[in-house]
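Take a look at the following structure, please.
Labels for the chains are A, B, C, D, E and F, by order of writing; each one numbers its residues from 1.
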(Lines give C-alpha, C1' and ligand atoms only; values in the text may rest on other atoms or scores of the structure.)
Protein backbone atom coordinates (compact mmCIF):
# COMPACT_ATOMS: atom_id res chain seq x y z
CA UNK A 1 0.00 0.00 0.00
CA UNK A 2 1.38 3.36 -0.99
CA UNK A 3 0.52 5.13 2.24
CA UNK A 4 2.17 2.57 4.49
CA UNK A 5 5.39 4.54 4.14
CA UNK A 6 3.84 7.28 6.26
CA UNK A 7 3.18 5.02 9.24
CA UNK A 8 6.00 6.46 11.24
CA UNK A 9 5.85 7.45 14.88
CA UNK A 10 4.02 10.68 14.11
CA UNK A 11 1.36 9.04 11.95
CA UNK A 12 0.75 6.30 14.53
CA UNK A 13 -0.50 8.93 16.95
CA UNK A 14 -2.58 10.51 14.18
CA UNK A 15 -4.26 7.20 13.32
CA UNK A 16 -5.21 6.56 16.92
CA UNK A 17 -6.25 10.02 18.01
CA UNK A 18 -6.97 12.14 14.95
CA UNK A 19 -8.84 9.92 12.56
CA UNK A 20 -10.08 12.83 10.43
CA UNK A 21 -6.49 13.84 9.64
CA UNK A 22 -5.47 10.23 9.11
CA UNK A 23 -8.22 9.60 6.57
CA UNK A 24 -7.52 12.71 4.51
CA UNK A 25 -3.78 12.08 4.51
CA UNK A 26 -4.39 8.53 3.30
CA UNK A 27 -6.62 9.84 0.50
CA UNK A 28 -4.15 12.58 -0.37
CA UNK A 29 -1.41 10.02 -0.58
CA UNK A 30 -3.48 7.81 -2.90
CA UNK A 31 -4.35 10.72 -5.19
CA UNK A 32 -0.80 12.01 -5.32
CA UNK A 33 0.79 8.68 -6.17
CA UNK A 34 -1.82 7.75 -8.75
CA UNK A 35 -0.25 9.76 -11.48
CA UNK A 36 -1.82 9.62 -14.93
CA UNK A 37 1.39 9.88 -16.90
CA UNK A 38 4.22 9.03 -14.52
CA UNK A 39 4.50 5.74 -12.69
CA UNK A 40 4.96 5.46 -8.93
CA UNK A 41 8.70 4.96 -9.19
CA UNK A 42 9.25 8.11 -11.26
CA UNK A 43 7.22 10.03 -8.68
CA UNK A 44 9.24 8.53 -5.83
CA UNK A 45 12.49 9.68 -7.43
CA UNK A 46 10.99 13.18 -7.65
CA UNK A 47 10.17 12.93 -3.95
CA UNK A 48 13.82 12.10 -3.21
CA UNK A 49 14.92 15.15 -5.20
CA UNK A 50 12.59 17.41 -3.25
CA UNK A 51 13.49 16.16 0.23
CA UNK A 52 17.23 15.99 -0.51
CA UNK A 53 17.12 19.61 -1.72
CA UNK A 54 15.90 20.62 1.72
CA UNK A 55 17.92 19.95 4.86
CA UNK A 56 15.55 17.22 6.01
CA UNK A 57 17.66 14.10 6.59
CA UNK A 58 14.87 12.03 8.12
CA UNK A 59 12.55 12.50 5.16
CA UNK A 60 15.34 11.95 2.62
CA UNK A 61 16.34 8.68 4.23
CA UNK A 62 12.74 7.53 4.44
CA UNK A 63 12.12 8.34 0.76
CA UNK A 64 15.35 6.61 -0.34
CA UNK A 65 14.63 3.47 1.67
CA UNK A 66 11.06 3.33 0.40
CA UNK A 67 12.17 3.82 -3.23
CA UNK A 68 14.81 1.08 -2.97
CA UNK A 69 12.74 -1.44 -1.06
CA UNK A 70 9.28 -1.01 -2.53
CA UNK A 71 10.19 0.03 -6.05
CA UNK A 72 13.61 -1.50 -6.62
CA UNK A 73 15.20 1.87 -7.33
CA UNK A 74 18.94 1.35 -7.80
CA UNK A 75 21.73 3.40 -6.23
CA UNK A 76 22.58 4.56 -9.76
CA UNK A 77 19.10 5.99 -10.19
CA UNK A 78 19.28 7.78 -6.86
CA UNK A 79 22.69 9.23 -7.74
CA UNK A 80 21.13 10.57 -10.95
CA UNK A 81 18.54 12.30 -8.78
CA UNK A 82 21.30 13.72 -6.60
CA UNK A 83 23.08 15.07 -9.69
CA UNK A 84 20.08 17.34 -10.22
CA UNK A 85 20.16 18.26 -6.52
CA UNK A 86 23.82 19.28 -6.91
CA UNK A 87 23.01 21.64 -9.78
CA UNK A 88 19.85 23.16 -8.35
CA UNK A 89 20.49 23.15 -4.60
CA UNK A 90 24.26 23.15 -4.16
CA UNK A 91 27.02 21.06 -2.59
CA UNK A 92 25.77 20.69 1.02
CA UNK A 93 22.46 19.18 -0.12
CA UNK A 94 24.31 16.90 -2.55
CA UNK A 95 26.92 15.59 -0.11
CA UNK A 96 24.25 15.05 2.54
CA UNK A 97 22.22 13.00 0.05
CA UNK A 98 25.30 10.98 -0.97
CA UNK A 99 26.14 10.27 2.67
CA UNK A 100 22.60 9.03 3.40
CA UNK A 101 22.69 6.84 0.29
CA UNK A 102 26.06 5.45 1.33
CA UNK A 103 24.79 4.57 4.79
CA UNK A 104 21.72 2.83 3.38
CA UNK A 105 23.59 0.81 0.78
CA UNK A 106 26.48 -0.15 3.05
CA UNK A 107 24.32 -2.34 5.22
CA UNK B 1 22.64 21.52 -26.05
CA UNK B 2 21.69 20.81 -22.49
CA UNK B 3 23.26 23.91 -21.03
CA UNK B 4 21.56 26.32 -23.43
CA UNK B 5 18.70 26.52 -20.97
CA UNK B 6 20.98 28.46 -18.63
CA UNK B 7 21.76 31.20 -21.15
CA UNK B 8 19.51 33.69 -19.46
CA UNK B 9 20.36 37.28 -18.71
CA UNK B 10 22.53 36.36 -15.76
CA UNK B 11 24.55 33.74 -17.63
CA UNK B 12 25.10 36.12 -20.59
CA UNK B 13 27.10 38.39 -18.32
CA UNK B 14 28.96 35.40 -16.91
CA UNK B 15 29.94 34.15 -20.37
CA UNK B 16 31.32 37.55 -21.35
CA UNK B 17 33.04 38.59 -18.16
CA UNK B 18 33.61 35.52 -15.98
CA UNK B 19 34.73 32.80 -18.34
CA UNK B 20 36.08 30.61 -15.54
CA UNK B 21 32.64 30.43 -13.95
CA UNK B 22 30.99 29.93 -17.32
CA UNK B 23 33.19 26.97 -18.19
CA UNK B 24 32.70 25.16 -14.91
CA UNK B 25 28.94 25.71 -14.98
CA UNK B 26 28.81 24.29 -18.50
CA UNK B 27 30.77 21.24 -17.37
CA UNK B 28 28.66 20.87 -14.25
CA UNK B 29 25.54 20.99 -16.36
CA UNK B 30 26.86 18.31 -18.70
CA UNK B 31 27.84 16.01 -15.85
CA UNK B 32 24.54 16.48 -14.03
CA UNK B 33 22.36 15.78 -17.04
CA UNK B 34 24.38 12.79 -18.19
CA UNK B 35 22.76 10.40 -15.82
CA UNK B 36 23.77 6.76 -15.97
CA UNK B 37 20.37 5.33 -15.14
CA UNK B 38 17.82 8.08 -15.70
CA UNK B 39 17.28 9.85 -19.01
CA UNK B 40 17.37 13.61 -19.44
CA UNK B 41 13.60 13.93 -19.35
CA UNK B 42 13.25 12.07 -16.05
CA UNK B 43 15.91 14.37 -14.60
CA UNK B 44 14.13 17.45 -15.94
CA UNK B 45 10.91 16.40 -14.23
CA UNK B 46 12.86 16.08 -10.98
CA UNK B 47 14.18 19.59 -11.56
CA UNK B 48 10.60 20.87 -11.88
CA UNK B 49 9.70 19.17 -8.60
CA UNK B 50 12.63 20.82 -6.81
CA UNK B 51 12.08 24.35 -8.12
CA UNK B 52 8.28 24.19 -7.68
CA UNK B 53 8.78 23.10 -4.05
CA UNK B 54 10.63 26.34 -3.44
CA UNK B 55 9.02 29.73 -3.98
CA UNK B 56 11.10 30.41 -7.08
CA UNK B 57 8.65 31.20 -9.88
CA UNK B 58 11.28 32.21 -12.43
CA UNK B 59 13.18 28.93 -12.15
CA UNK B 60 9.98 26.84 -12.13
CA UNK B 61 8.72 28.48 -15.30
CA UNK B 62 12.10 28.08 -16.99
CA UNK B 63 12.27 24.40 -16.07
CA UNK B 64 8.70 23.74 -17.23
CA UNK B 65 9.19 25.51 -20.56
CA UNK B 66 12.46 23.70 -21.15
CA UNK B 67 10.92 20.32 -20.30
CA UNK B 68 7.95 20.88 -22.62
CA UNK B 69 9.86 22.36 -25.53
CA UNK B 70 13.10 20.37 -25.54
CA UNK B 71 11.84 17.09 -24.16
CA UNK B 72 8.18 17.01 -25.12
CA UNK B 73 7.05 16.68 -21.53
CA UNK B 74 3.25 16.77 -21.45
CA UNK B 75 1.07 18.83 -19.10
CA UNK B 76 -0.10 15.51 -17.63
CA UNK B 77 3.46 14.59 -16.72
CA UNK B 78 4.06 17.97 -15.11
CA UNK B 79 0.83 17.68 -13.11
CA UNK B 80 2.07 14.31 -11.85
CA UNK B 81 5.20 16.10 -10.65
CA UNK B 82 3.06 18.74 -8.95
CA UNK B 83 1.07 16.01 -7.17
CA UNK B 84 4.27 15.10 -5.35
CA UNK B 85 4.89 18.80 -4.64
CA UNK B 86 1.41 19.01 -3.07
CA UNK B 87 2.15 16.13 -0.70
CA UNK B 88 5.69 17.10 0.26
CA UNK B 89 5.62 20.89 0.12
CA UNK B 90 2.01 21.94 0.65
CA UNK B 91 -0.77 23.84 -1.09
CA UNK B 92 0.92 27.20 -1.84
CA UNK B 93 3.75 25.50 -3.76
CA UNK B 94 1.22 23.31 -5.60
CA UNK B 95 -1.16 26.09 -6.65
CA UNK B 96 1.76 28.26 -7.73
CA UNK B 97 3.04 25.42 -9.91
CA UNK B 98 -0.43 24.83 -11.38
CA UNK B 99 -0.82 28.53 -12.19
CA UNK B 100 2.56 28.65 -13.96
CA UNK B 101 1.66 25.53 -15.93
CA UNK B 102 -1.70 27.03 -16.87
CA UNK B 103 -0.07 30.23 -18.13
CA UNK B 104 2.44 28.28 -20.21
CA UNK B 105 -0.11 25.94 -21.78
CA UNK B 106 -2.73 28.61 -22.43
CA UNK B 107 -0.65 30.32 -25.06
CA UNK C 1 -16.84 28.11 2.52
CA UNK C 2 -13.39 27.65 3.93
CA UNK C 3 -11.88 26.25 0.77
CA UNK C 4 -13.12 29.06 -1.47
CA UNK C 5 -9.92 30.90 -0.69
CA UNK C 6 -8.03 28.36 -2.78
CA UNK C 7 -10.07 29.00 -5.94
CA UNK C 8 -7.29 30.92 -7.58
CA UNK C 9 -6.14 30.51 -11.14
CA UNK C 10 -4.26 27.34 -10.40
CA UNK C 11 -7.14 25.64 -8.60
CA UNK C 12 -9.58 26.57 -11.40
CA UNK C 13 -7.62 24.35 -13.76
CA UNK C 14 -7.50 21.62 -11.12
CA UNK C 15 -11.27 21.69 -10.62
CA UNK C 16 -11.92 21.37 -14.34
CA UNK C 17 -9.28 18.86 -15.32
CA UNK C 18 -8.04 17.03 -12.21
CA UNK C 19 -11.13 16.32 -10.17
CA UNK C 20 -9.38 13.74 -8.00
CA UNK C 21 -6.88 16.34 -6.82
CA UNK C 22 -9.61 18.92 -6.39
CA UNK C 23 -11.71 16.67 -4.18
CA UNK C 24 -8.86 15.67 -1.87
CA UNK C 25 -7.64 19.24 -1.54
CA UNK C 26 -11.17 20.33 -0.61
CA UNK C 27 -11.35 17.60 2.02
CA UNK C 28 -7.87 18.40 3.30
CA UNK C 29 -8.84 22.02 3.63
CA UNK C 30 -11.98 21.14 5.58
CA UNK C 31 -10.08 18.84 7.95
CA UNK C 32 -7.28 21.33 8.50
CA UNK C 33 -9.53 24.25 9.30
CA UNK C 34 -11.83 22.26 11.56
CA UNK C 35 -9.60 22.53 14.56
CA UNK C 36 -10.80 21.00 17.80
CA UNK C 37 -9.27 23.58 20.10
CA UNK C 38 -8.44 26.62 17.97
CA UNK C 39 -11.00 28.56 15.97
CA UNK C 40 -10.66 29.30 12.27
CA UNK C 41 -9.34 32.81 12.85
CA UNK C 42 -6.55 31.65 15.16
CA UNK C 43 -5.56 29.11 12.51
CA UNK C 44 -5.64 31.76 9.78
CA UNK C 45 -3.25 33.95 11.77
CA UNK C 46 -0.91 30.97 12.05
CA UNK C 47 -1.15 30.58 8.28
CA UNK C 48 -0.07 34.21 7.85
CA UNK C 49 2.91 33.60 10.12
CA UNK C 50 4.00 30.59 8.09
CA UNK C 51 3.67 32.18 4.64
CA UNK C 52 5.22 35.49 5.74
CA UNK C 53 8.21 33.59 7.15
CA UNK C 54 8.87 32.24 3.68
CA UNK C 55 9.56 34.52 0.74
CA UNK C 56 6.15 33.81 -0.82
CA UNK C 57 4.48 37.18 -1.38
CA UNK C 58 1.49 35.81 -3.30
CA UNK C 59 0.50 33.39 -0.55
CA UNK C 60 1.09 35.94 2.20
CA UNK C 61 -1.14 38.49 0.49
CA UNK C 62 -3.84 35.89 -0.12
CA UNK C 63 -3.78 34.75 3.51
CA UNK C 64 -3.88 38.33 4.84
CA UNK C 65 -6.78 39.34 2.58
CA UNK C 66 -8.70 36.20 3.47
CA UNK C 67 -8.13 36.73 7.21
CA UNK C 68 -9.24 40.36 7.06
CA UNK C 69 -12.24 39.87 4.81
CA UNK C 70 -13.65 36.53 5.95
CA UNK C 71 -12.65 36.64 9.59
CA UNK C 72 -12.43 40.34 10.40
CA UNK C 73 -8.81 40.07 11.47
CA UNK C 74 -7.54 43.57 12.28
CA UNK C 75 -4.25 45.13 11.10
CA UNK C 76 -3.19 45.11 14.77
CA UNK C 77 -3.64 41.35 14.94
CA UNK C 78 -1.65 40.85 11.76
CA UNK C 79 1.16 43.08 13.05
CA UNK C 80 1.26 40.90 16.17
CA UNK C 81 1.78 37.92 13.86
CA UNK C 82 4.53 39.79 12.05
CA UNK C 83 6.25 40.52 15.37
CA UNK C 84 6.78 36.77 15.74
CA UNK C 85 8.00 36.62 12.13
CA UNK C 86 10.58 39.32 12.94
CA UNK C 87 11.97 37.31 15.85
CA UNK C 88 11.95 33.89 14.21
CA UNK C 89 12.62 34.68 10.56
CA UNK C 90 14.44 38.02 10.48
CA UNK C 91 14.07 41.51 9.06
CA UNK C 92 13.52 40.81 5.33
CA UNK C 93 10.52 38.56 6.05
CA UNK C 94 9.15 41.14 8.52
CA UNK C 95 9.47 44.19 6.26
CA UNK C 96 7.99 42.25 3.35
CA UNK C 97 5.00 41.32 5.49
CA UNK C 98 4.58 44.93 6.69
CA UNK C 99 4.71 46.21 3.11
CA UNK C 100 2.04 43.75 1.97
CA UNK C 101 -0.15 44.69 4.94
CA UNK C 102 0.33 48.38 4.15
CA UNK C 103 -0.70 47.87 0.53
CA UNK C 104 -3.81 45.94 1.54
CA UNK C 105 -4.95 48.40 4.19
CA UNK C 106 -4.19 51.53 2.16
CA UNK C 107 -6.94 50.80 -0.32
CA UNK D 1 10.08 36.22 32.00
CA UNK D 2 9.36 35.86 28.32
CA UNK D 3 12.99 35.83 27.21
CA UNK D 4 14.05 33.08 29.57
CA UNK D 5 13.10 30.61 26.87
CA UNK D 6 16.13 31.77 24.89
CA UNK D 7 18.63 30.96 27.65
CA UNK D 8 19.90 27.94 25.83
CA UNK D 9 23.53 26.99 25.41
CA UNK D 10 24.04 29.50 22.62
CA UNK D 11 22.53 32.41 24.53
CA UNK D 12 24.56 31.60 27.64
CA UNK D 13 27.72 32.39 25.73
CA UNK D 14 26.12 35.54 24.35
CA UNK D 15 25.16 36.79 27.80
CA UNK D 16 28.68 36.30 29.11
CA UNK D 17 30.72 37.49 26.18
CA UNK D 18 28.52 39.61 23.89
CA UNK D 19 26.42 41.74 26.16
CA UNK D 20 25.43 44.14 23.39
CA UNK D 21 23.79 41.30 21.47
CA UNK D 22 22.24 39.90 24.63
CA UNK D 23 20.60 43.20 25.54
CA UNK D 24 19.11 43.83 22.11
CA UNK D 25 17.82 40.25 21.84
CA UNK D 26 16.16 40.63 25.25
CA UNK D 27 14.52 43.88 24.14
CA UNK D 28 13.50 42.37 20.81
CA UNK D 29 11.93 39.48 22.61
CA UNK D 30 9.97 41.79 24.91
CA UNK D 31 8.70 43.91 22.02
CA UNK D 32 7.75 40.89 19.92
CA UNK D 33 5.80 39.14 22.64
CA UNK D 34 4.03 42.28 23.83
CA UNK D 35 1.39 42.12 21.15
CA UNK D 36 -1.33 44.73 21.21
CA UNK D 37 -4.11 42.50 19.95
CA UNK D 38 -2.96 38.91 20.40
CA UNK D 39 -2.00 37.43 23.74
CA UNK D 40 1.31 35.66 24.40
CA UNK D 41 -0.20 32.21 23.97
CA UNK D 42 -1.66 32.99 20.55
CA UNK D 43 1.76 34.30 19.50
CA UNK D 44 3.48 31.18 20.86
CA UNK D 45 1.22 28.96 18.76
CA UNK D 46 2.18 31.02 15.71
CA UNK D 47 5.82 30.46 16.64
CA UNK D 48 5.21 26.69 16.67
CA UNK D 49 3.63 26.91 13.22
CA UNK D 50 6.63 28.79 11.83
CA UNK D 51 9.34 26.54 13.29
CA UNK D 52 7.45 23.31 12.47
CA UNK D 53 7.10 24.48 8.85
CA UNK D 54 10.87 24.59 8.60
CA UNK D 55 13.02 21.54 9.20
CA UNK D 56 14.28 22.85 12.53
CA UNK D 57 13.55 20.15 15.11
CA UNK D 58 15.41 21.83 17.97
CA UNK D 59 13.46 25.07 17.68
CA UNK D 60 10.13 23.27 17.22
CA UNK D 61 10.67 21.20 20.34
CA UNK D 62 11.73 24.24 22.34
CA UNK D 63 8.67 26.22 21.21
CA UNK D 64 6.31 23.33 21.97
CA UNK D 65 7.76 22.73 25.44
CA UNK D 66 7.66 26.43 26.24
CA UNK D 67 4.03 26.75 25.05
CA UNK D 68 2.91 23.75 27.08
CA UNK D 69 4.82 24.55 30.25
CA UNK D 70 4.60 28.33 30.46
CA UNK D 71 1.27 28.88 28.77
CA UNK D 72 -0.63 25.67 29.38
CA UNK D 73 -1.09 25.04 25.67
CA UNK D 74 -2.80 21.67 25.23
CA UNK D 75 -1.78 18.91 22.80
CA UNK D 76 -5.10 19.56 21.02
CA UNK D 77 -4.13 23.16 20.40
CA UNK D 78 -0.73 22.16 19.06
CA UNK D 79 -2.31 19.58 16.74
CA UNK D 80 -4.54 22.36 15.41
CA UNK D 81 -1.38 24.31 14.63
CA UNK D 82 0.08 21.26 12.90
CA UNK D 83 -3.06 20.94 10.78
CA UNK D 84 -2.17 24.28 9.23
CA UNK D 85 1.42 23.10 8.79
CA UNK D 86 0.13 20.04 6.90
CA UNK D 87 -1.81 22.20 4.45
CA UNK D 88 0.81 24.90 3.91
CA UNK D 89 4.09 23.01 4.26
CA UNK D 90 3.34 19.37 3.44
CA UNK D 91 3.53 15.93 4.99
CA UNK D 92 7.19 15.75 6.12
CA UNK D 93 6.85 18.94 8.20
CA UNK D 94 3.55 17.66 9.65
CA UNK D 95 4.76 14.18 10.62
CA UNK D 96 7.93 15.63 12.12
CA UNK D 97 5.83 17.99 14.24
CA UNK D 98 3.53 15.14 15.33
CA UNK D 99 6.50 13.01 16.30
CA UNK D 100 8.03 15.78 18.42
CA UNK D 101 4.67 16.38 20.10
CA UNK D 102 4.32 12.68 20.79
CA UNK D 103 7.75 12.49 22.38
CA UNK D 104 7.02 15.49 24.59
CA UNK D 105 3.60 14.31 25.76
CA UNK D 106 4.64 10.69 26.29
CA UNK D 107 6.85 11.55 29.19
CA UNK E 1 23.29 55.79 9.17
CA UNK E 2 23.37 52.04 9.01
CA UNK E 3 19.67 51.52 9.59
CA UNK E 4 18.57 53.96 6.88
CA UNK E 5 18.68 51.06 4.45
CA UNK E 6 15.64 49.61 6.19
CA UNK E 7 13.49 52.71 5.64
CA UNK E 8 11.47 51.08 2.92
CA UNK E 9 7.72 51.14 2.57
CA UNK E 10 7.19 48.57 5.31
CA UNK E 11 9.43 50.31 7.84
CA UNK E 12 7.78 53.69 7.16
CA UNK E 13 4.53 52.31 8.52
CA UNK E 14 6.39 50.79 11.46
CA UNK E 15 8.03 54.10 12.36
CA UNK E 16 4.71 55.93 12.33
CA UNK E 17 2.47 53.38 13.98
CA UNK E 18 4.61 50.86 15.87
CA UNK E 19 7.33 52.86 17.53
CA UNK E 20 8.26 50.04 19.91
CA UNK E 21 9.12 47.80 16.98
CA UNK E 22 10.88 50.61 15.19
CA UNK E 23 13.13 51.38 18.13
CA UNK E 24 14.18 47.79 18.73
CA UNK E 25 14.84 47.18 15.04
CA UNK E 26 17.03 50.30 14.94
CA UNK E 27 18.97 49.06 17.98
CA UNK E 28 19.23 45.57 16.55
CA UNK E 29 20.58 46.99 13.33
CA UNK E 30 23.18 49.04 15.17
CA UNK E 31 24.33 46.07 17.26
CA UNK E 32 24.49 43.74 14.27
CA UNK E 33 26.52 46.05 12.09
CA UNK E 34 28.92 47.05 14.85
CA UNK E 35 31.07 44.01 14.46
CA UNK E 36 34.13 43.72 16.64
CA UNK E 37 36.32 41.96 14.09
CA UNK E 38 34.70 42.48 10.70
CA UNK E 39 34.04 45.86 9.17
CA UNK E 40 30.62 46.97 7.89
CA UNK E 41 31.48 46.18 4.28
CA UNK E 42 32.52 42.60 5.03
CA UNK E 43 29.23 42.15 6.90
CA UNK E 44 27.26 43.64 4.01
CA UNK E 45 28.82 41.14 1.59
CA UNK E 46 27.75 38.36 3.96
CA UNK E 47 24.24 39.82 3.89
CA UNK E 48 24.24 39.62 0.08
CA UNK E 49 25.30 35.98 0.26
CA UNK E 50 22.46 35.15 2.65
CA UNK E 51 19.69 36.92 0.75
CA UNK E 52 20.91 35.71 -2.66
CA UNK E 53 20.91 32.13 -1.35
CA UNK E 54 17.21 32.48 -0.65
CA UNK E 55 14.72 33.29 -3.39
CA UNK E 56 14.18 36.83 -2.12
CA UNK E 57 14.85 39.17 -5.04
CA UNK E 58 13.72 42.35 -3.27
CA UNK E 59 16.09 41.87 -0.34
CA UNK E 60 18.99 40.82 -2.59
CA UNK E 61 18.61 43.92 -4.74
CA UNK E 62 18.34 46.17 -1.70
CA UNK E 63 21.47 44.64 -0.13
CA UNK E 64 23.45 44.90 -3.39
CA UNK E 65 22.44 48.54 -3.98
CA UNK E 66 23.24 49.43 -0.38
CA UNK E 67 26.64 47.71 -0.54
CA UNK E 68 27.59 49.44 -3.79
CA UNK E 69 26.32 52.90 -2.91
CA UNK E 70 27.15 53.20 0.78
CA UNK E 71 30.24 51.04 0.93
CA UNK E 72 31.67 51.22 -2.58
CA UNK E 73 31.48 47.46 -3.03
CA UNK E 74 32.56 46.63 -6.59
CA UNK E 75 30.77 44.29 -9.01
CA UNK E 76 33.85 42.05 -8.76
CA UNK E 77 33.37 41.73 -5.01
CA UNK E 78 29.69 40.90 -5.42
CA UNK E 79 30.49 38.27 -8.05
CA UNK E 80 32.91 36.71 -5.57
CA UNK E 81 30.01 36.50 -3.13
CA UNK E 82 27.85 34.92 -5.82
CA UNK E 83 30.57 32.31 -6.49
CA UNK E 84 29.98 31.04 -2.96
CA UNK E 85 26.23 31.13 -3.57
CA UNK E 86 26.72 28.95 -6.66
CA UNK E 87 28.59 26.31 -4.68
CA UNK E 88 26.39 26.28 -1.60
CA UNK E 89 22.94 27.08 -2.99
CA UNK E 90 22.98 26.03 -6.64
CA UNK E 91 22.47 27.48 -10.11
CA UNK E 92 19.04 29.16 -9.79
CA UNK E 93 20.18 31.26 -6.84
CA UNK E 94 23.41 32.13 -8.66
CA UNK E 95 21.84 33.17 -11.98
CA UNK E 96 19.19 35.19 -10.15
CA UNK E 97 21.93 37.02 -8.26
CA UNK E 98 23.89 37.64 -11.49
CA UNK E 99 20.79 39.00 -13.22
CA UNK E 100 20.06 41.41 -10.36
CA UNK E 101 23.69 42.57 -10.37
CA UNK E 102 23.55 43.06 -14.13
CA UNK E 103 20.39 45.17 -13.89
CA UNK E 104 21.91 47.34 -11.16
CA UNK E 105 25.23 47.92 -12.92
CA UNK E 106 23.72 48.49 -16.36
CA UNK E 107 22.12 51.74 -15.31
CA UNK F 1 43.92 22.34 -1.01
CA UNK F 2 40.65 24.19 -1.03
CA UNK F 3 38.54 21.20 -2.00
CA UNK F 4 39.87 18.93 0.72
CA UNK F 5 37.15 20.26 2.97
CA UNK F 6 34.59 18.39 0.87
CA UNK F 7 36.18 14.98 1.41
CA UNK F 8 33.52 13.87 3.79
CA UNK F 9 31.81 10.52 3.78
CA UNK F 10 29.57 11.46 0.88
CA UNK F 11 32.41 12.72 -1.32
CA UNK F 12 34.51 9.64 -0.64
CA UNK F 13 31.91 7.51 -2.37
CA UNK F 14 31.75 10.03 -5.21
CA UNK F 15 35.52 9.95 -5.74
CA UNK F 16 35.55 6.17 -5.95
CA UNK F 17 32.42 5.52 -7.96
CA UNK F 18 31.41 8.72 -9.76
CA UNK F 19 34.60 10.25 -11.03
CA UNK F 20 32.81 12.57 -13.46
CA UNK F 21 30.95 14.22 -10.58
CA UNK F 22 34.10 14.29 -8.47
CA UNK F 23 36.12 16.08 -11.13
CA UNK F 24 33.51 18.75 -11.82
CA UNK F 25 32.94 19.38 -8.12
CA UNK F 26 36.69 19.80 -7.63
CA UNK F 27 36.82 22.28 -10.52
CA UNK F 28 33.74 24.11 -9.28
CA UNK F 29 35.31 24.40 -5.87
CA UNK F 30 38.52 25.81 -7.33
CA UNK F 31 36.66 28.37 -9.45
CA UNK F 32 34.39 29.44 -6.60
CA UNK F 33 37.17 29.98 -4.10
CA UNK F 34 39.45 31.76 -6.53
CA UNK F 35 37.75 35.08 -6.13
CA UNK F 36 39.17 38.05 -8.00
CA UNK F 37 38.41 40.65 -5.35
CA UNK F 38 37.75 38.78 -2.12
CA UNK F 39 40.26 36.49 -0.47
CA UNK F 40 39.50 32.89 0.55
CA UNK F 41 38.86 33.81 4.16
CA UNK F 42 36.28 36.47 3.31
CA UNK F 43 34.53 33.93 1.11
CA UNK F 44 34.61 31.31 3.87
CA UNK F 45 32.92 33.72 6.27
CA UNK F 46 30.21 34.26 3.65
CA UNK F 47 29.82 30.48 3.47
CA UNK F 48 29.28 30.36 7.24
CA UNK F 49 26.60 33.05 6.96
CA UNK F 50 24.76 31.10 4.25
CA UNK F 51 24.83 27.71 5.97
CA UNK F 52 24.00 29.15 9.41
CA UNK F 53 20.99 30.95 7.90
CA UNK F 54 19.61 27.58 6.86
CA UNK F 55 18.89 24.88 9.40
CA UNK F 56 21.86 22.78 8.29
CA UNK F 57 23.93 22.05 11.38
CA UNK F 58 26.34 19.65 9.70
CA UNK F 59 27.33 22.14 7.00
CA UNK F 60 27.58 25.03 9.45
CA UNK F 61 29.89 23.09 11.73
CA UNK F 62 32.03 21.96 8.80
CA UNK F 63 32.33 25.52 7.47
CA UNK F 64 33.19 26.92 10.90
CA UNK F 65 35.83 24.28 11.60
CA UNK F 66 37.37 24.77 8.17
CA UNK F 67 37.44 28.57 8.55
CA UNK F 68 39.07 28.37 11.98
CA UNK F 69 41.59 25.66 11.18
CA UNK F 70 42.63 26.46 7.62
CA UNK F 71 42.19 30.21 7.65
CA UNK F 72 42.68 31.17 11.27
CA UNK F 73 39.26 32.77 11.50
CA UNK F 74 38.69 33.89 15.09
CA UNK F 75 35.57 33.32 17.20
CA UNK F 76 35.06 37.10 17.12
CA UNK F 77 34.93 37.06 13.33
CA UNK F 78 32.43 34.21 13.32
CA UNK F 79 30.24 36.01 15.87
CA UNK F 80 30.25 39.02 13.55
CA UNK F 81 28.95 36.71 10.81
CA UNK F 82 26.27 35.43 13.18
CA UNK F 83 25.20 39.01 13.97
CA UNK F 84 24.17 39.31 10.33
CA UNK F 85 22.42 35.94 10.57
CA UNK F 86 20.43 37.24 13.56
CA UNK F 87 19.19 40.25 11.62
CA UNK F 88 18.42 38.52 8.34
CA UNK F 89 17.36 35.03 9.43
CA UNK F 90 16.10 35.36 12.99
CA UNK F 91 16.79 34.03 16.48
CA UNK F 92 16.67 30.24 15.93
CA UNK F 93 19.35 30.40 13.23
CA UNK F 94 21.46 32.71 15.40
CA UNK F 95 21.29 30.64 18.60
CA UNK F 96 21.99 27.47 16.65
CA UNK F 97 25.08 29.10 15.15
CA UNK F 98 26.24 30.32 18.57
CA UNK F 99 25.78 26.87 20.07
CA UNK F 100 27.84 25.23 17.31
CA UNK F 101 30.56 27.85 17.73
CA UNK F 102 30.55 27.28 21.49
CA UNK F 103 30.94 23.52 21.06
CA UNK F 104 33.83 23.96 18.63
CA UNK F 105 35.72 26.50 20.74
CA UNK F 106 35.17 24.72 24.05
CA UNK F 107 37.38 21.83 23.08
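We take it that contacts are C-beta pairs under 8 Å (C-beta built on N, C-alpha and C of every residue); 3 or more make two chains touch, one makes a residue touch a chain.
Which protein is which chain? UniProt says A, B, C, D, E, F = Carboxymuconolactone decarboxylase family protein.
Predicted model only: the values in this text are computed from it and were never measured.
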Touching subunit C and also subunit F, the following chains: A, B, D, E
Shared interface numbering between subunit F and subunit E [over half = same, under half = different]: same
When subunit C is superposed on subunit E by its C-alpha atoms, the rotation angle in degrees, nearest 5: 120
Rounded Å distance between subunit B and subunit E, as computed from the means of their C-alpha atoms: 27
Distance from the mean Cα position of subunit E to that of subunit A, given in whole angstrom: 35
Where subunit B touches two or more other chains at once, by residue number: 21, 28-29, 31, 51, 54-55, 59, 79, 83, 86-89, 91-92
Residues of subunit E touching subunit D in the complex: 20-21, 23-24, 27-28, 31, 34
Interface residues, subunit F side, partner subunit C - complex: 86-93
Subunit E contact footprint on subunit C (complex, rising order): 55, 79, 83, 86, 91-92, 94-99, 101-103
Of all residues in subunit B, those that touch subunit A in their complex: 28-29, 31-33, 35-38, 42-43, 45-47, 49-51, 53-54, 59, 74, 76-77, 79-81, 83-89
Of subunit A, residues touching subunit D in the complex: 6, 8-14, 18, 21, 25, 28-29, 51, 54-56, 58-59
